[in-house]
Every structure is written in structure tokens, then in C-alpha cells.
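First chain A sits with chain B, and in the next complex the same chain sits with chain C.
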Partner chain A sequence: MSVQAAQRQGAEAPGAQPRHPPRLRAVVLALLRKELLVELRTLESVPGMALFSLSTFVVFHFALNRNSVQGDLAAGILLVTLLFAGMLGINRLFVADEEQGGFDALLLAPVDRSAMLIAKVCALGIYLVVLEIVAVPAFALLLLGSSLANALPDLIGVLALVDLGLAVIGTFVAALAVRTRARDLIGPLIALPLLVPIAIGGSRACSPLLSSGHHGGVGGAPGLRWLLLIGLYDLVFGLIAYAVFDFLLED
Partner chain B sequence: MLALKLDRVVRRYGEREALAGVSLELVEGQTLGVLGANGAGKTTLLRLLATLLRPHEGGVQVLGVSLPDQAWAVRGRIGLLTHEPLLYRELTARENLTFHARLHGVGAQRVQEVLDAVGMSRRAEEPVRTLSRGMVQRVAVARTVLHDPELLLLDEPRANLDPAAAELVEPLIGRGTDPDRPRTRVIVSHDPRSAIAEADVVLGLRGGRMALIAPAEQVHQEELMELYR
Partner chain C sequence: MSTSSRQPAGSTEMRRRRDERSRQPDRRQTLYGGSLRTLAIATVVMIGLALGLAFFYAPEEATEGFLQRIFYLHVPLAIVCLAGFVAAGAMAIMHLRTRDPRWDLRSYVAIHMSLIFGIGVLICGSIWAKGSWGHWWVWSEPTLVSFLIIILLYATYQPLRFSIEDPERQARYASVFAITAGAFVPLNFIAVRLSTAYLHPRVLGSSKLPGPMAFTFLISLIAFALLYITLWRFEMTAKHARWQLKALRRKLSGEEIPARRRSAEPELGASSGSSSAPLGEPALTTPMIGRQAP
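Right, the complex of A and B next:
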């Protein structure tokens, strides 16, 4: 039950002395600040994600034995690499909370548990943006063979929607998996099928951007259709995650 | 008014009953001492009272609120101190307490107050992972009382504390300074003598079952030692 609902019903609970719980925004900011501080001190997620993506591009560079890739192939390599790199962050997302009592701390506080969902989605989103700041130029250098400058504004838009989907679904799945013994296995097993529509939509939307002669042309029909698909998928999963997140934290 | 009321509470982990038919009542302002060997169900009892676990059978009321249905109404009124300090190792003591303060809507001034009270102001800017166990316990005590809870659930609160530190935290985890409104406490202990001295009611658990419940003045140390044999 949300804190707002709790406050509404507070007078009906015998013996309850409703206090003034902190606002959702304040709790989200506190959780996000904690999340970023822990990551800055441990560097457990983002460097690993970035290194993984760089290594993958290097492997593709040599394995494909081409000077450059374009279109569908380029978009597929970029999106799938980002998706797998993102999985590393997803797997670590709740580990500190599980191992160091962060869940209990949240459950003991008079706050809306959705704050943790929002904070984690924001944190994972920030990790993905940092990842892409490293990975996209490396991708252009190692595999694309041509400048991304013209396509960059549209590419940023596509990746923003992809990141949102990855962050929402990743947070949802990470919360589901973290209390299982085989969380490192369970997380990807659940997340990857759920992320397939994001990978398809993202790569189809990116494909025209990464084709020669089409730079800057994401406004066309195929790109927009796929962007709408990702946006809708993000929205649906955002609502599902919001609806069930409380239950994932409960005993 | 009753602060705690448990009616034939059962809590299982898989097939094993960690608590089996536990019933008790505790009046506001009283202290319940809980004793029992390892695996007797003491920590499960604390986590159940803290709303972190649900009972599988029976009824639980905490501070007049039925659990688990109305658990939201009692959160923020409970301070829980367990063997896990609920502190992030990479954050400093002050960062941890500030984080908890924000979750409870408590101001930054209170963070400094509790740091001073547990004698950790000078080490407040160091990551928790670099602190000794005793210091971590002091910060955990500070975290427990940060929001001035009405009910304290304390699992061996003086563990890892040297005598000076134990004396330092005593006012924080004691009955409180207001004799008209003493704090309600549940204290898990392995020291029968201190449990009898500190508690109003003593509960002995053996294998999740109630082996003993009586006013502290009617309990002898030897009876409590039997719980460990």
C-alpha cells in the first residue's frame, strides 16, 4: 500500500499515530544519491559494462573481417552489445541492498516503496547513458568506419527510449531475481526474452541512421513506427513494474 | 494499553517451524527479554514484530496495529537493531545516517545528535567498512534510534561493544528519560542475569516454542540456563 493510501487510512488504524512521512521525491532523491555514491565508491557496474562493450566491439571488428558495417548489421551489433552490457549492471543493481540490509531499511521506513523502483530506474538509466558515452564513439571508430555526427541527434533519441526500456525492465527483473540463489542466471534468463522487443525496435529504428546516405533520416516512417513501439513497450512495462514492485519487496 | 499482542503465532521456513504457537502480551513501556539457544526463533520473532516477516498463522498486534494487514501504520514507529547493521559499507557513518534520516523524514541536525550520542562524530566521515565491529555497532544503534521510535527491537544490542561504548549507548537503548512514558522494548539476549535485571517480562524460546514466559522477578537464572541445554 502506498504511503498516501496509508495516510488516508491512518485514522482508522487503532493505535496508529500517523506521522509525516517524507515526500516521494525526497525519498527518491535520497535513494538515488545513495545509489550513485555506492557506485562511485565501488565502481562495480559502470566500468564493467563499458569494458564489456569495448571488448565486444573489438571481437566483432576482427570476427567480421570487414572494414566497416552499416545498416541492419551495424544497428544489431550496437543494440545487442548495449543490451548485454546493460545486463551486467542489471545483475548488480540490488546486490548491495540485499547484502547490506538496504531492503530492510526501506521496509522499516514509512515511505512508498515505489520510490525504490523510481530511484533504481533512474540509476540504471544514468549507468546506461555513461556506458553509451563510451560505447557509441568506440563503435563508430571500430566498426562503423564513418562519422556519426549527422545521425547523432536522432541516435540519442532512439537510445534514450531504449535506455528507458532497459532500465524499467532491468530494474523489475533484478528485483525479482535478487532474492533467488541463482540470481546471476535467473536475471538474464527472464530479462533477455522481455528485452527482445526493445532490441528489435531499437535496431530497426537505428538501422536507417547507420546506413550511408541516410544519416539524419530517422524521421521517416519505419523509424517512427519502431520508436512508437519501444515507447509503448516502455510504458506498459513501467506500469506493470509500478503495480507489482511493492509485492516483490514483501516477505 | 498493550504494545504487543501475539496470539498463537506460527512462522515457517519451508517445512520447519521457526515460531510455533507463540502467544504473549506486553504493556506499553515494558521491556520483554527474549532468551533461547541459537535457532530458537528469537530473530524470527524480532523480524516478525518489525513487519519484515508475515506470520503464517495466528494474530500479531504491534502498538495497537494488526499485522500484516496494517503494517504501513506502524512502520517508522519501530527501531530495529539486528546482527546486520543495515549500513552500506562503502558509505560513511554520516552518509548512512543521513540516508536513513531522509527515509524517516528526520532532519540533519538529528544525525549529528545521534553521532555525538554514540561518540562517533570524529569517525563520521570514514566509510563503514573501515570501522571496527564495535564502532559499526555504535553507528547501528544511532541508526536504530535516529527517528525516536516508540518500540525498540534489539538483538543483542551490546554485542561487540566495550564497557565504555556500552555505557555510552545505554541512554539511547534504555527505557528513556521520561519516567511517565518509558520506552517499550524487546531485547534478545544470551545473558540471563542482564535479561532478568533489564526486563519486566521474560520469554524463553526453545525450537520455536515457548518454553517459559513470566514476570522477570519470578524467573531464576537457572531456569534460563536450562534453555541452552
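Right, the complex of A and C next:
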């Protein structure tokens, strides 16, 4: 089921040969549609990630013995929870393609292989956004001491950059780890050190937003340099992943 | 069409060249470590010189006193280690470009050596931190933390290799990892350095070292770079000797090529040699593997 769309692409190939190969955007959209369709039908990743984040908040509440958190601590808890919940999605990202022949279907199709990277990054990004739609309000409700309303626009901006980095690095690492024997182990082991700069930038940028003295606007705005750091890191890693991704799909 | 007709010509050409080489056994050819002795002697001399300078020539530092002399061990070791990681990334790029398994082996050995150097850096850095700051580990210290993150990342290199069975794919994935991690090294330093206030002595930054110190530092940097290169070549030589021995033994006993055992080590004969060579003479391919790429 997971490879139907991709196989359709492959099946079209002989007939489409006289025409020029399909454009990258069309391929990416087809692959993204397949990803989302599979996720909608199997509900394999996103509900698990959301549930995991809720249980993590509960665990943090008991482990820290706090009823409410603020500032640095709040930013850290939010970031770590999102990171680990994201890791669940990263581990599952390519498993269906590996087990049910999605890789082969893509290789048979006369399309650019980078399309798969872009589609998977988009898919993982969408999962993360859905996760945050659940996790951030839950966090505000369960643990956060200060009000979220003022900080929300800035927080959305920071989390968008974090999501982008998480999606790029996560997709790359997932592709690297999925064909190893111990993929559930190798994936997080490689991903966590690579995500440390994202964690640094994200938590530092979130920390003033989640403290009680924050009233929105420029006063408590996330340090521009942290946003710049995450953005730059996202960009560089996006380019690296784009450059080396083809070599992961070669056989 | 044209490629298939050129194929046999290419393979006979290769075989002819191989026969030529095997007829004139040269020690440098067979054991790769031709200049290893010279290199080793130069390394010993330089290390001795560096230690002598560090202990007797360099002036005592005003605030930290004798302990500061660990600087001549710690900093060169760290610089050489990081340079080794970056070089391993460059070798991995060459591997993906040329698909030559020798580049994979070079990258593998370079990462291996850098990891060992890196653990040395962490240990002597901890000693220095304990001596001058009073703690074995200081989180507010960006250079320390980023170094630890890099070592943690590279520590997954061998498990990654080990858990991929197919040697060709193992080499390819390892190269992808080495390139990414090599690019991560400078990025990570920038990121972590931004995150905390400066505390680590900025030896190569704004503050200028006095002449004798700078000279001693330079000599020990060269000494440790030489040590790295010597160890790197030594391990390459050892691996080649082992493979050669294995190939010879296989040839003598006339057995079929045994199944490859699970290993994180790159195997040279597996992807390039044995597929093109007839089954009877795999030993002929291994001796030439150690030669420098043209």
C-alpha cells in the first residue's frame, strides 16, 4: 500500500518515455501525497509522537517535582520533549519504504532521487507541526507557569526554524540508519549530537519567551543571533544532505 | 555497445600490469611502509625536541605556573585531532568520487586515529581544567563541550559500519557519514562557542603569544602532526600486511574464498579485486592496494 503512488510513477515510465521526465515539483508532490496518505491510513507516527510528548510532560512533572516551570527550565523541557518525540517519527520515517519496496520503486522511476529527500523533509516537517499543535497547548496547560498568549507569535517563529532543522537532519539520519541492522539504535545515536546546535539555539531563543516577565514585542524577543544560528545551521545541513543523499539510495 | 567491447581489453590490460608488478617484487610495493622508518625517526626527534622545549625553554606562565605547560600537549593534540576528522571527510569525498576502496580505508584509519587522539585531548584537558579551574569538567566552557559532542558523534562511526553487512554499502554509508561529520566539526564549534561566554584561554585568537611560547607551540604542533601521520601510515601498513598474509595463506591452502566475517573494517579485496580477478589469484590484487593512488 505504501508504494502505490511511487509504483504508479514507475509504471508510467515506459509510456512517458518519449516525453521529458516529470518535473521535480510534480515528483515531490506525488511522493509527499503518498507519505501523507500512508500516514493518514495507518496512523503510525503522529499519534504516537503526540502521546509520547504528553507522557513526557507528566514524567517531567514528577521527575522535577514542580507544578509549573518558567524560563530556561520551560524552554529546555519543551525542546527536549519535541526532540525525543521527533525521534520517534524519525525512526519510523523510512521503515515502510525499506520493508515494502518504496526505495526500489523510486529507483526504477525516471526521476531525480533528491525528490525523495525533499518529500520526506516536508512530510516530517508536517508531522512535527501537527505534533506541536498538540504538544505546545498541552505544555502550556500542564506545566507552563506564565501565560503563552503574548509569546505565541515569536514562539511559532522559533519552533518553525527548529522544525526545519529537525526535519532536515532527521530525514538524513533516518536514511542513513534505515538499512543498518540496529537502526533504532544507530539513528538516535547519530542524530542527537547533530541536533545539539539546534537544541542550543532553540532553547536559548525560547527561554525569554517562556519567562513570566515577557510581554511580547521587542523587549523579550528571542535573541536574533539564536534564530540566525538555527537558520544558518538548517541551511548548511540542508545543502549537505542534498549533496550526499543520492549516495544513500544507490542500490 | 562500445563499453561492452572495451571491457575485456581493459581487464587484460589490468592483468598484464598486475603480472608485471608481481614479477618484480619490491619491498616498497609489497609492504607500503617504505618511508615509515624515516618518518618514525623524524617523529621521535620532533617529539623529543618539543618536550625539551616545553619543559626547559618556554618561560613559566605568570598565573598558572608549571601546569600551563600541558598547553603544549593539549592544544596541538586537539588541533591535529580535528584536522584529522576534516581530512577524513575529504578522503570520504574522494571515495565517493572515485569509488576506490583505498580512499575508504584511508578515511577509516584517519577517523580511528583521530578518535584515539580525541580521547587523549579530553583526558589531558580534564587534568588541565582540574588544575586551573578546580573542576574536572566545566560546562560553561565552549571548547570542551563542543569537543565532547564531536567525539560522541564520531563514536557512532564504528557501530554504523559494523551494522551494515554489505561491504560496498558499508563503505558508501561510512563515507556519507564522514563527510557530514567532517562538515559538522567547524559548525559545531561556532554554535557552542556562541552559546557561552569566553572562558577558555584563546591561545590563537586575539592575545598574542610571546615569542618563545609561540615557537615551542609551533614545534609541538609539528611534532604531533608528524605523530599522527606516522601512526596513520603505520596502521595502513599493518592492515595491508595482514591482508597480504591472509591472501597468501588462502592461495597456499587453495581454499575457496571464505565468507566474510562481520566487521567494521573496510575490506579492499571484496569489492574491487576479487570480482575482476579469477578466483584462483586473489593474492595478486592485494599487494598493490597499498600503493598511493595516482
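Definition applied: the second predicted complex is superposed on the first by the 225 of 251 C-alpha atoms of A that agree within 3 Å, B and C clash if a C-alpha of one lies under 4 Å from a C-alpha of the other, contacts with A are read in each partner's own complex, and residues count from 1 in each chain.
One rule holds for everything that comes next: a contact is a pair of C-beta atoms (placed from the backbone, for glycine too) under 8 Å apart; a residue touches a chain by one contact, two chains touch by 3 or more.
Remember, it's a predicted structure, so these values are computed and weren't measured experimentally.
Colleague: Have a look at where A:I186 lands relative to chain B and chain C in the superposition and call it first, second, both or neither.
Modeller: A:I186 contacts chain C only, not chain B.
Colleague: Identify the partner contact of A:D251: answer first if only chain B is touched, second if only chain C is, both if each is, neither if none is.
Modeller: It touches chain B and chain C both.
Colleague: Contacts for A:L229 in the overlay, against chain B (first) and chain C (second): which applies, first, second, both or neither?
Modeller: second
Colleague: Just checking: does A:L176 make contact with chain B only, chain C only, both, or neither of them? Give me first, second, both or neither.
Modeller: second
Colleague: Touching A:D104 in the superposition: chain B (first), chain C (second), both, neither?
Modeller: first
Colleague: Should A:R204 be classified as contacting the first partner (chain B), the second (chain C), both, or neither?
Modeller: second
Colleague: Just to be sure I read the superposition right, which of the two partners does A:L43 touch: chain B = first, chain C = second, or both, or neither?
Modeller: Once the two structures are laid over each other on A, A:L43 reaches no partner at all.
Colleague: Chain A residues in contact: does chain B have more, or chain C?
Modeller: B
Colleague: By the touch definition at the top of the document, which applies to A:A63: first (chain B), second (chain C), both, or neither?
Modeller: neither
Colleague: Of the residues on chain A, which ones does chain B touch that chain C also touches?
Modeller: Touching chain B in the first complex and chain C in the second, residues 250-251 of chain A appear in both lists.
Colleague: What does chain B use to touch chain A in their complex?
Modeller: Chain B residues touching chain A: 1, 50-54, 61, 63-65, 70, 72-78, 80, 84-91, 95, 99-100, 102-105, 127, 150.
Colleague: Where on chain A is chain C touching in the complex?
Modeller: 172, 176-177, 179-183, 185-186, 189-190, 192-194, 196-197, 200-201, 204, 225, 229, 233, 236, 240-241, 244, 247-248, 250-251
Colleague: Which stretch or stretches of chain A touch chain B in the complex?
Modeller: On the chain A side, the touching residues are 1, 3, 5-6, 9-10, 13-22, 26-27, 29-30, 33-34, 37-38, 41-42, 96, 100-102, 104-111, 250-251.
Colleague: Quick one: which bits of chain C touch chain A in the complex? Just the residue numbers, please.
Modeller: Listed in rising order, the residues are 96, 149-150, 152-153, 156, 159-160, 163-165, 168-169, 172-173, 175-177, 179-180, 183-184, 187-188, 190-192, 194-195.
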